[in-house]
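After this come two complexes, each holding chain A, first together with chain B and then together with chain C.
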Partner chain A sequence: MKDETVYTLKKIGFYTVIFTAVAWILIPIIVSFLYGFTSKADYYDPHMVIPHHYTTEYVRVILFTLGAWDGIKNSTIVATLTIIISFILGIPAGYSIAKFVFPGKDTIKLSIIALRMFPIPVMAIPLIILYIRLHLADTLLGVALAHTAMALPFVVLITSSIFSGVSKEYEEAAMVFGLTRLGSFLKITLPLALPGLAAAAMFTFVMSWNEVFVASVLTLTHRTLPAQILSIMAGSSGGAAPDYYKFAAAFIMTLPAMLFIFFARKYLVTMWGITLK
Partner chain B sequence: MVEVKLENVTKRFGNFEAVKGLNLNVKNGEFLVLLGPSGCGKTTTLRMISGLETPTEGKIYFGERDVTYLPPKDRNISMVFQSYAVWPHMTVYENIAFPLRVKKYPKDEIEKRVRWAAELLQIEGLLDRYPGQLSGGQRQRVAVARAIVVEPDVLLMDEPLSNLDAKLRVMMRAELKKLQTKLKVTTIYVTHDQVEAMTMGDQIAVMNQGRLLQVGPPTEVYLKPNSLFVATFIGAPEMNIVDATVVEKEDGPYLEGSGFSLKLPEDFKGLLKDYMGKEVYLGIRPEHMTVKGVSTLEHVSKSAEMEGVVDFVEALGTDTIIHVKVGDNLIKVKLPGHIPLPVGDKIKIEVDLDNIHVFDKKTEKAVI
Partner chain C sequence: MERKSLLPYLLILPAFAYLLFFVGYPLLQALYLAFTQNGAFSLDTVRRTINDYYFWSAFKDTLAFAAVIIPIQLFLAIVFALLLNKAFKGKDLAIYALVIPLTISDVAGGLIWYSMLSPYGFVNKVLMNIGLISHPIYFFGYQFRSREFLAIVMAEVWRATSIVFIIILAGLQMISKEYIEAAEVFGASYWTRLRRIVFPMLKPSIQSALIIRTLFAMQIFGVVWILAGRDLPVLAGEGFYQLTVIKDYGVASIYALIIAGLSILFGAVYVKFLKAEYLEVMR
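Our next item is the complex of A and B:
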């Protein structure tokens, strides 16, 4: 074979792989976005792949009649609470792991991740019993606490990687030039770590936003969006919902998270400590 | 401006003793260079003076004030870090103004002082930029400006030039020294570069393995090193060190070794009386020798000769360094100018006896 042919084949192979990977992710999203707005007649027409008539009926029904809008509000509250609690607990831990040498540091790091090995269904029943006793069952704070437990290991590890990316000398310089240790953390390290911390916050937000199992177990009337959607779709209101409702529900679930990631994209690289100048 | 005094300062990290019983005096307005190889404890010493580390034992005084356990912010010091540590999220102006803002200077005073420092370091044009937009040399200037803007009692510098390229380093060396002379601030400067130490310091303190070996003005440390380590650490090319034996003959004392026998003047007898018949290290700097018939030693009262064969010639342009095989020893001789001696030539080396060094083989302390 000529060099040119080899080159062309390689290129074709390269783009085939890329195309497949992108299609794998994109096609289900496109399909659910498309059929979530398709009129019933078009949806059931076997000869029609691209529908002609669209409607926002299902989205509206799910949001306002079936309570998904409240779910969105609940989810936002839970995710925000999760971020706040996990940051209050996680930032000092991440900072210590990044900046100090102490005995048992590696063990602690390992055990932080190891806690995530427990399957959540195993913990769900003891958790709900505990919650009922503590009067936390069916409260948003309860869900936020559970989500914090899930997100915290990552918050600790991510923030420690962010803080170790901020040179020790920046902080020392601030101390030499007149600040206390806390002052130099607040005035120098924190602003420098902010893009990374924002990324960690987004990660936590999305994690909480998508979590369905714990939220379903722990709540009944104050459901977060995924739990609410699950109960709508799985048919707590009498039989499974028609397909186009499922697609519309998928749209409602995906869109906020996608928008979120879209804006977070810039910071996601920073989150893993790859670039931090 | 203040005098800095360290008394028996020891610092341990776990079992590792980084600094061992250090005693040091830095006079008011003096430029002291802490010189030593990496890991010798010089940076730890500097960090203890800054307050970023606390000594395990011993005391540190600024004048009469005991600052041993004082946090850095209460010491009125400034520091230039090796990585500059110019904060990337602040403009150059904000960086320089930072120490003033923390100390709550009035607004117009801050403005005035920042301009003054920026002008002194020729970075007036960069005040609105962010550090990310500056070159290494410019960032370095910002770091120095930030350090002098508050007129500190003590200015500390931790290898501030080591990240600059060679040309810039030479330039900044002169500038920093001039700046210090102008401001008359007590300065402690850490470096592993003996050229920096020689050119900048009023006093050089040589450290190795946590110990302070010698303190003195550059010429003294250079000409009268008190130990083998100081002798070989300072000077480029390095001082020649060869094994020798002190021998007493009828016509006076001799230093003998592989391929040479140096006749010493009578007055060396007293200095070497404890070493008769014993092995020692003989140290001769490359510039304290010459090749007979090529050039002559000037202003030398006593000299002796050794024979050797040219092994290699390094032509540096301004100087020539000739590697000479003398017996089993390889001796480097530095001659001014371009001297293309052919390899393999038999030559005679003339040694300046006023500038030879003899070290005890066990303690490695200087005898002469």
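Our next item is the complex of A and C:
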């Protein structure tokens, strides 16, 4: 009887902690989404905790008057370019690390991890000099090239772990039946690795979508979404926007990334577990 | 035979060269901008940086943010990971909820916490309506800098604990159940098992989580820029300000170099730990 009470109390305590943690994460997101659509009068009424009147006005102003829609388009272009370039460069390297044994492999792997640790975003500051010379300043390609440098170590490490998950025997069998190495890669390994690669692409997309420092430094008129929001919102670099615009902006920025990760959620724990080791 | 042995290197080369260029070129450019004046060696830029009113507080604040935020994140992440490593109803949903912030940028995280902490934000409204306070607590504005610090800590702990949590959880899942069961058979209590088996085996994960968070913390920018502007200067923010507003490329480069220097310092420690871990596996 007494043991049972202790067990029940423990169970209640356990679920309370879990519930508190989940609420701590979810409440700020729900509140900011709610306030993004709250009418001005309700927001500035101190007694109105849960607002009654809603409007899409602020989201529309942010999108179409203050340039967030262009920001979304620019961010999508930059993120897509980043995926393309970093995969073209990263997949061969990842494949090589996964499938070959060669001298210096550990050193190369370690230096890629070390390069991943390098603060590539802040290097946008000196990089702008080269960009101005090459007419890459204020271009989306320029931002995508810098984002590629940021995402590439991640892509190499993640694709190498995806490829080493594809059994070597399939490829060897294909080569026995007369396919070249490239042929067996294209016909056997790549299709088997596709789901993992799709998840890696989504992560790369979110990485680029969320990046603000590089985008703010390298562009002026062709802003990505975070850079555009930062220049509208931050008090010290532009005019401070009214509160309800800030919440509408948070909604616009957060929703797409959350949807993306929702589709890749199956890979979340394994992916971070692998890459960060 | 000769060509076959070259293939793995040729496959890695493009990615490696690309990375080396994007690290090496800006580094050399930054050194040139920081230490030369009209083509000759000069410390003028360094002097200009150090004498700037904001420099030392940027240095101090960046380290202070890291020193306050990271231990809280590590503690919370370990607690959450230990709790969520058990099987229970709704486990997957709870894990998904806890990793949502992984997808949220620092800028959006700052804006989201502004909706909680602004004078008309959720926290103030709730506290006022249950009668705990009669006037809103002001978290923002130059005269409330210490509370701005607190607000940024709250936003960053909320946003970036997920990544620590995921690393620790992945580490926990790699610990073989057999060790724990063996300890149980010999009558080890929960705390003994944690102390003697789980924590020692979790050490590599904790180390990588710590270093990764430290390195990102050196670059803290978006959330500070949104919530405090230059009230609380940080290194990346000052670099950004010097470049975009003052147009002083030299001083901005010095800020970039300082962040890079701090990162290399911590990165070296990281690689060292990683090697130790690798050897352990081999043994």
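Note that in this section the second predicted complex is superposed on the first by the 257 of 277 C-alpha atoms of A that agree within 3 Å, B and C clash if a C-alpha of one lies under 4 Å from a C-alpha of the other, contacts with A are read in each partner's own complex, and residues count from 1 in each chain.
Definition applied: a residue touches a chain if its C-beta (ideal position, glycine included) is under 8 Å from a C-beta of that chain, and two chains touch if they have at least 3 such contacts.
Only a predicted model underlies this, so the values are computations on that prediction, with no experimental measurement involved.
Superimposing the complexes on chain A yields a three-chain arrangement in which chain B and chain C fit side by side. Once the two complexes are overlaid on the shared chain, A:192 sits against chain B while remaining clear of chain C. Of the two partner chains placed by the overlay, only chain C lies in contact with A:216; chain B stays clear of it. In the superposed three-chain model, the partner touching more residues of chain A is C, compared with the other of chain B and chain C.
Legend: residue contacts after superposition of the two complexes on their common chain; A:77 is shown touching neither chain B nor chain C. In the superposition on chain A, A:43 makes contact with chain C only, not with chain B. After overlaying the two complexes on the shared chain, residue contacts for A:120 are found with chain C alone; chain B is out of touch.
In the overlay built on the shared chain, the residue A:247 is in contact with chain C alone; chain B does not reach it.
Of the two partner chains placed around the shared chain by superposition, chain C is the only one that A:21 touches, whereas chain B remains out of contact. Following the chain A superposition, chain B and chain C show a smallest Cα-Cα distance of 9 angstrom. Residues 277 of chain A lie at the contact with chain B in one complex and at the contact with chain C in the other. Contact residues on chain B toward chain A in their complex (touch as defined above): 50-52, 71-73, 77-79, 81-83, 85, 87-89, 98-99, 102-103, 132, 146, 150, 156. Across the complex, chain B is touched by residues 167, 169-170, 172-180, 188, 191-192, 277 of chain A. Taken in their complex, chain A has these residues touching chain C: 14, 17-18, 21-22, 24-29, 31-32, 35-36, 43-44, 46-49, 89-90, 92-93, 95-97, 100, 102, 105-106, 108, 110-115, 117-130, 145-146, 148-149, 152-153, 156, 206, 209-213, 216-217, 226, 229-230, 233-237, 243, 246-247, 249-250, 253-254, 257-258, 260-261, 265, 268-270, 272-274, 276-277. Of all residues in chain C, those touching chain A in their complex are 5, 7-9, 11-12, 14-16, 18-20, 22-23, 25-27, 29-30, 33, 79-80, 83-84, 88, 90, 94-108, 111-116, 118, 120-122, 124-126, 128-129, 136, 158, 163, 166-167, 169-171, 173-174, 204, 208-209, 211-212, 215, 218-219, 221-222, 225-226, 229-230, 236, 239-241, 243-245, 249, 252-253, 255-256, 259-260, 263-264, 266-267, 270-271, 274-275, 278.
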